[in-house]
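In what follows, chain A forms one complex with chain B and a second complex with chain C.
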Partner chain A sequence: MITRYVTFVALKIGRALLTLLVIATLTFMVLQMAGDPVTVLLGPDATDEMIRGFSERLGLDRSIAAQYGLYLANIVRGEFGMSFLHARDALDLVMGHVSATLLLSGTALLLALAIGLPLGAYAAIRHGGTGDTIAMTFAVLGYCIPNFFLAILLMLLLSIQWPLFPTAGGETLRHLVLPAITLGTSAAAIIARFTRSALLEVLGSRYMVAARSRRIAPWRLLVHHALPNAAIPVVTVVGFMVGGMISGSIIVESVFAWPGIGNLLVNSVANRDIPVVQVIVLLSGATMVVTNLVIDILYGWLDPRIGRRRHAA
Partner chain B sequence: MQPETDHQIAAAPAPDALVATGSPHRWTIAQIGAAAWLALCVFLALFADLLSPYDLTAIDLRARMEPPVLLGGSWAHPLGTDDLGRDMFTRLVHSIRISILVAIVGTLIGAVIGTALGFLAAQVGGLVDDLVMLLVDVQAALPFMIIALMLIALFGTSLTLFIAIVGIYGWERYARIARGLALSARERGYVTAARAYDAPAIHIYRRHILPNVASALIVNATLNFPEIILVESALSFLGLGIQPPMSSLGNMLAFGREYLLSAWWIAVLPGLVIVLTALAVSILGDRLRDRLDPKLK
Partner chain C sequence: MASGFITRRGVLGAGAALPLIMKMGPALAQERPSITVAMQEIRTEMDPLHPRAIALTAFRVLESIYDKPLRIDYDAGGEPVPALAERIEQVDDTTHLMTLRRGVLFHDGSEMRAEDVAFTFGSERMRNEDAPGYGVGQQSLALISDVEVVDDYTVRITTSAPDPIFQRRWAGVGTGIISRAAYEAADDFETWARNPIAAGPYKVVDMRENDFILLEAHDDYWGGMPPLQSIRFQMVSELSARIAGLRAGDFDIITTVSPDQIETIEANAGFDVVGGDNMHFRTLAYDVNHPVLADPRVRQAMNLAIDRELIVESLWSNRISIPRCHQNPGYGPLYDASRAIPAYDPDRARQLLQEAGYSGELIPFRTVGSFYTAELATTQVLVEMWRAVGLNIEIQVKENWGQVLDPVGRGFNNSSDGTYYPDPLASLWTRWGETGAFQSRGYWSNEEFNQLGKTLVSSTDQQERRDAFQRMLDIWCNEDPPGTVLHSLGEFFGKRADIIWEPTQTALLDFRPGAISFS
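For the complex of A and B:
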């Protein structure tokens, strides 16, 4: 049993490492296709000395295979080159923006859980009723209103009509409110939808009918029997949101000028600051892969059946 | 937590309230409204040049930021004007045309590439199959928005490249569906029979397998379409998609941001069009899904 679990975890880790390697390889290939790496990675203002050091570091005079090896080695060593927009080490620069993104995404996720879970559960219990309709209309609207439009509506309402919160920046906690609401709303809509459908499925299952026939109190039925079994799909969705937090916050950070990774990415793309873009691409891939790994391992632990299935990997 | 990622997981059907209750053949009010809105959009897109009262770039500085007619504007500009006095209705009509065009071409590219790779993986098997599935996994691990931004950073913002990038969106879902369905269809009698007659593989896929798996692929396309509209407008909103002087719903919204204080309609009108269109396609997509593929419900 234990060995089987260890094998399962080892397979998952191997798969995650392979995915990271493929992501790095694809990035390398795209960089190769983009043309002369000197102009792509160093920018237009590079001096001769910079170009010489750079060519040496990337092995530009050597074969593609050797360059690829050096590329991977540089990633492992954490050497991604300099941001030519900010004249700083690209990795340092990106790491300096991590905490802001974590703060924003974390707040938004808590908000989304606080709204989405009860809303979805309520809709499932009142299935087909007016409460269900209202809750699910909210969910559909939250899904169809793009972040950037919701951001603008909130600005119109809460910054311009009633000047309660600032529209841009990240200095105080008051700056956090609007981006967190924007980001949290669409997430709440998704969580509500998934909670509802997962709970509806559980509520219709045989063991729930059996439990109901034994006259177990409704709240006990919900808390002890239905919710734990409905948790797995909801955990999957939430895990997906955590793993995708960098890409998820790109637009909101950019609209509200929140000083996180997403905002940095948009500015770097607009200014073609490739070393920074590259770090963020790899970091975002790594975040997703690691989150998926953690969730997979958690599943294997929560539900022993998952580890045993042959094609679980 | 944002369109591009949540759509990948939010492939759940819309609530019953907005979809058919009772007979699947009866149209609900929401579905009729959705169909009417989409028909209007297609009509506007097809006849954009005939319908627009002004030239797309006609600037009238004496009529800057005029409000829509119901908010005190005049019938000369029924939906108002923007910061340069350009007619909002004209710009909206052209934006709808661009957005629909990009979404249709993008959906087609993704569908063709994904389906072809899925069929290839199912037919050849072995290493090719492993490679395709690995790419599918990698694509699922790397959010589309990140890939799109990287490609834009490296290759710039031309319209052709932008459509190609948008076309990549969602290919992995077609590949997964096509591969799975092809694998099970290959075992069916009609395919075995065709193979017994020495029909070439391409012929078998085109004439026998594709028609039998098409409904699932079409359903996936209806999920993909509104997402592509959102992705396109998000990238254009960030200033990295459709570039001026061409106008798209996303970049209109972005420019309108500057004038929220004095002329909010510049931003709000294109936003409303995006929301209504995404809503309409997903309502009709649910209907189509129920009709074509009851199993998915």
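For the complex of A and C:
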């Protein structure tokens, strides 16, 4: 039994590593194909002499195959090279921006859960009524409104009309408010819609009818019986959101000049700072892989039947 | 008991108050305002010879950190005037003596000496082929063959050939003086470039890649106390976010405002827009290796089909001008005010295309769309103007400059030529000359143009230089055009209306004493 479990885990880890290798290779190839990194880095005013000198310093005068081989060898050693753009260790540079993104995406996610779960539950309970219509109208609006537009709208309202929060930067918690609302709004809308549909399914099930016939209090019905059973699809979608927060934060960080890795990624891709892009992409990939593992564990906890099925398999 | 003016208690009290009094100077300095400048990009490589520091966005920050031996006084006809150098005297055709200003202190409090100047332009930093500043140095200081220390405040500069614009070069790109000791104490060039020690009015105190650069007043600045306590250059990529931040009071000055946003900003009495014309040229660059563009008549027709006045009126609200070919009034005796702006003559364009046998072949027009102000709109307008004379132009929007400049399948592209001191050597020759960006990338070459360029580079006879330059303009603008000037590179800045400030003629940000004040 233990051997089977170890094989299962090893297979999972092997697949994850293969996924990361494919991600690293594809990123390298795409960035190489999308223009000479040195020309991009130095801009249109650079002369041949500057380009030659800079290429030699960065090791970009080697063949693509040699650069790729060296890159993979460095990854195995846990080295990601120096940022072309900032001449600093790429991993250090990215890690210096991670905390800001975690703070932003964590706050946005909490906000999304705090709004999305009650809104979805309310809509499900008031299914077909005015409350449901209003809640879902807000959810659809929140989902449809582009982040960029919402960001500018929030700036106009909460920074210019009523000067409550700053528009750019990341020095204080006040700087966090507008980007977190922007990033959290669409996530809240998605959670609300998933919560509503999952709850509607659960509320209509026979065991809920049976529970109601036993005159269990409505709030107790919701909290103890309906919500836990409706949690699986919501946890799945929240899991995807956690994994996708880096990509989701790109536009928001760029608009609000929030100093996180989304902003760093935009700048690094635009400047073909390949080592930094690789670190961020690998980090995103690793986040997705870890999140999926955590979701698998959570499934088992939320629905023991899933755990038993896997165990039996 | 108070029997006189001087008492024991009084003396002790005065003694206790002394440190407080001594602190009053800096305390007064603290009262100076601090400002935040929002820019579309910041570059944290802050050595002027770093290859990443040659963009306009980088120059804007470097302007506050560095002082140069000379500076250009545009109010005095674009002539060089003393800055860190008191004077530069010519000894013979290739030798000059530079006498330094005494008592100039670097940001770390050490005094600037001749050895710093010799090191700044020396082999280790700039002149050796493997020196980190070699590439940028070759752009404007290639003629320097030696810089020797004569005494603590004098250096002897030797050039490999006579240099007609020797003085002006010392106000140009890459000539900011650095502290040798601080440079040598840094771990490497990159570390140094993030925290340089120079002699400008503001010093670097903090920075973060993709985020901000914070400068603080250098109170021992030789030119007087800097008017600002600190300057924060904040990177905000999106123009709409920069405008919102200006209106919200988060920023005091914002850069690169597009002309269609000027009205929005000025609608509020608390803000205004400055800038517009400057010495840089907004251009197009043609690759003559393209089979259609190989014929100069096609390129001439393209230039004649452009109604520049209409572009300036409709997209720029007439806030910028159209240069008379590739020249600026600041060029002084080399400038020909009688030369007309590039002609708009669609009939002649059609005739030239017919003579060239053009029959509708596709010509690719590459652009990144958002690098220059109103770039995409200008590109679309141009294509319609060309369509009106029968040219078949395809817009290719590229993601970056590497793709735009890729020689495979290249037709022509949007471009610009910066001019950081008033002489054609700073622009026409640097960009289009024999070793300039376009010829070295294989866009175009013209033997007569290159020969004339040699006269422009080496002749000390002003009339000879003027004749050579004007003939080069005939070739560049009319006979064998490798591109064209559309208009000056308009640059607009939004700011708080109570800030009295203007960008420089080269679209840089000067915050020295006298350059900025508050109403």
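One rule holds for everything that comes next: the second predicted complex is superposed on the first by the 233 of 313 C-alpha atoms of A that agree within 3 Å, B and C clash if a C-alpha of one lies under 4 Å from a C-alpha of the other, contacts with A are read in each partner's own complex, and residues count from 1 in each chain.
By our rule, contacts are C-beta pairs under 8 Å (C-beta built on N, C-alpha and C of every residue); 3 or more make two chains touch, one makes a residue touch a chain.
What you are looking at is a predicted structure, and each value in this text was computed from that prediction instead of being measured.
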(message) Looking at A:292 after the superposition, I want to know if it touches chain B, chain C, both of them or none. Which is it: first, second, both, neither?
(response) first
(request) Pick one for A:254: touches chain B only (first), chain C only (second), both, or neither. (result) both
(message) Quick check for you: in the superposed arrangement, does A:85 touch first (chain B), second (chain C), both or neither?
(response) second
(request) Once the structures are superposed on A, label A:221 by its partner contacts, choosing first (chain B), second (chain C), both or neither. (result) neither
(message) Is A:109 touching anything from chain B or chain C once the two structures are fitted on A? First, second, both or neither.
(response) first
(message) A:200 in the overlay: touching chain B, chain C, both, or neither? Say first, second, both or neither.
(response) neither
(request) Determine, under the contact definition given at the top, whether A:272 touches first (chain B), second (chain C), both, or neither. (result) both
(message) By residue count, which of the two partners contacts chain A more extensively, chain B or chain C?
(response) B
(message) Touch test for A:160: chain B only (first), chain C only (second), both, or neither?
(response) both
(message) Per the contact definition in the header, classify A:133: touching chain B only (first), chain C only (second), both, or neither.
(response) first
(request) Please identify the positions on chain A that touch both chain B and chain C, taking each partner from its own complex. (result) 34, 40, 148, 152, 155-156, 160, 254-255, 266, 270, 272
(message) Per the contact definition, I'd like the list of chain A residues that touch chain C in the complex.
(response) 34-37, 39-54, 57, 85-88, 93, 97, 148, 151-152, 155-156, 159-160, 163, 166-170, 254-257, 259, 263-264, 266-267, 270, 272
(request) Under the touch definition given earlier, write down the residues of chain A that touch chain B in their complex. (result) 15, 18-19, 22-23, 26-27, 30-31, 33-34, 40, 105, 108-109, 112, 123, 128, 132-133, 136-137, 139-141, 143-149, 152-153, 155-156, 160, 183-184, 186-187, 190, 193-194, 196-197, 236-237, 240-241, 244-252, 254-255, 265-266, 268-270, 272-274, 277-278, 280-281, 284-285, 288-289, 292
(request) Sort out for me which residues of chain C touch chain A in the complex. (result) 38, 44-45, 51-52, 54-55, 132, 134-136, 138-139, 190, 193, 208-212, 234-238, 240-241, 244-245, 247-251, 398-406, 415-416, 418, 435-437, 440-441
(request) Flag every residue of chain B that touches chain A in the complex, lowest number first. (result) 1-6, 8-10, 12, 14-18, 134-135, 137-138, 141-147, 149-155, 226, 230, 233-234, 237-240, 250, 253-254, 256-257, 260-261, 264, 267-268, 271, 274-275, 278-279, 282
